[in-house]
Amino acid sequence: MLPALFTRMIAVLFGREGRSLHLRAAGGATIVLVVVMLCGSWAVVAVEEGAHRANLTSYPRALWWSIETATTVGYGDFYPVTVWGRVVAAIVMVVGITTYGMVTAALATWFVGREQRRGGTWHHLREETAALHERFDRIERMLTGKRDGD
Amino acid sequence: MLPALFTRMIAVLFGREGRSLHLRAAGGATIVLVVVMLCGSWAVVAVEEGAHRANLTSYPRALWWSIETATTVGYGDFYPVTVWGRVVAAIVMVVGITTYGMVTAALATWFVGREQRRGGTWHHLREETAALHERFDRIERMLTGKRDGD
Amino acid sequence: MLPALFTRMIAVLFGREGRSLHLRAAGGATIVLVVVMLCGSWAVVAVEEGAHRANLTSYPRALWWSIETATTVGYGDFYPVTVWGRVVAAIVMVVGITTYGMVTAALATWFVGREQRRGGTWHHLREETAALHERFDRIERMLTGKRDGD
Amino acid sequence: MLPALFTRMIAVLFGREGRSLHLRAAGGATIVLVVVMLCGSWAVVAVEEGAHRANLTSYPRALWWSIETATTVGYGDFYPVTVWGRVVAAIVMVVGITTYGMVTAALATWFVGREQRRGGTWHHLREETAALHERFDRIERMLTGKRDGD
């Protein structure tokens, strides 16, 4: 089931199936975030190793740290103390925030699209053009009636 | 009063009354968030119990912790120290962020809809179609006038 | 200068001058946030007073705490330790997040409106109706030409 | 390569090249944020110097602090302890949050614009006006046919 889901996800993200930009951007950003969190957890342990007062000393701890960093919770139970550890942290933060912004923007786009289809501009466009078609019908009847009257 | 409010809320969220997707999504996400926070508070105390240096040891404390986690404040006065406690925390964080994104997106959709109704595309659509109707009136007058002249 | 600015702000927020909902919502939420932060700072000192390990013991500190709470930074240098202090904190957090969501949504509405005016739906609506007016001109010329030929 | 990129960035932000407001606002806010973070790091060290229990004592540390403040992570490993340090922090927080809101709003505007172009209102506007043009063709044929029949 999982490989099938994975294949399907790849198809939606990179294939012709899912063509709307906002869904692909939100999905792509989420995948990038997960990869950055996994790689960042590994990288931060590697660069922090042996530093004075380092607290990010194992991969499971670093994974938890990357979760609380990407979500901007930041309890402060774990944090990098070296320059390169902080560079990794900054990348995780920025990717986390951007992903969150993309998801919010994709949700807004989805909602706005639904609203416009339901009762907004699209709906009124149809109503207004229906009124114009009625005018055409009337003019055609006038033109035809005249011919009949001739 | 409270049961009436609750019934009304259910009616808006799941009934035919509130049909706009964005309001239902924002409301539904808020309810899911409250449930996740209440259940998460209970779950985190259960899984953290007896762990070395555990600080989430009572339900009221855990409830406060779930509030500062879901809002991504994260003072760091309380935080989970076990793997399962951190899994619960990750769920509370992700649900909290998603709810917040949904509320922001719903607000944007509401504002955009209001703007379009007030002076945007909808307004201009009316203006432009009014001009077309005037043209129809003129053509009809021409057609009628001709008939009179015959 | 400041009283003039204040009067103007009141006029925009509550008068007939600023009629667009999104600007009033964002401005109103910001004012509510400032009031909640000022009152919350005072309230949290009052309820925390005398509590064991209380650290929010003076108004200037509490004001700084309300800033880092409303922006969801939460360093953890100050935090409430009593039930009522945490209730105050929860209110500051929720109002802060909602205000932020309103500002983001108002910005999005402003941008979307500008885009639609610049080269989006509105622009295309004008182009399409201009083409329809040309068709009317042609039909009117046909009707007039016929009359001339009689 | 870097100076070329910089020149290009200036051209897009301030020149006639990039005329869409949302891209310029998001780009401008990002530049303002970077400037505020760099200046804020320098300022916070200057005002915190010599204060009791000050922990923001060097520029590299203050730069890391400004990153975790602007992203609202706030681990609590570094934080200002003086009034002016907290004023600087508040500015960094507010600019950080506003930038983030602008980026989210710009993304939403970009997505909404793409959606409307792809299959939304614009698309339907074209369809509806195409139907009106067909009616014009029919009326013109009627008018011409009549003339032929005379």
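Each chain gets a letter, A, B, C and D, in the order it is written, and its residues are counted from 1.
We take it that contacts are C-beta pairs under 8 Å (C-beta built on N, C-alpha and C of every residue); 3 or more make two chains touch, one makes a residue touch a chain.
Worth saying up front: this structure is predicted, and the values here are computed from it rather than measured.
More C-beta pairs in contact connect the chains of A-B than those of the other pair, out of A-B and A-C. Residue contact pairs shared with B-C exceed half only for one pair among A-D, A-C or B-D, and that pair is A-D. Rounded to a multiple of 5, the C-alpha superposition of chain C onto chain D involves a rotation of 90 degrees. Chain A and chain B have CA centres that are 16 Å apart.
Centre to centre, using the average C-alpha position, chain A and chain C are separated by 22 Å.
Annotation for chain B: residues touching 2 or more other chains are 72-76, 100, 104-105, 108, 112, 121, 125, 129, 132, 139, 143.
Residues 72, 74-76, 104-105, 108, 112, 121 of chain A are the ones that touch chain C when the two sit in their complex. Residues of chain D that touch chain A in their complex: 60, 64, 67-68, 71-77, 100, 103-105, 107-108, 110-112, 114-115, 118, 120-121, 124-125, 128-129, 131-132, 135, 138-139, 142-143, 146, 149.
Interface residues of chain C facing chain B in the complex, by the touch rule stated above, are 19-22, 25, 69, 72-76, 79, 81, 83, 86, 89-90, 93-94, 97-98, 100-102, 104-106, 108-109, 112-113, 116-117, 121-122, 125-126, 129, 132-133, 136, 139-140, 143-144, 147.
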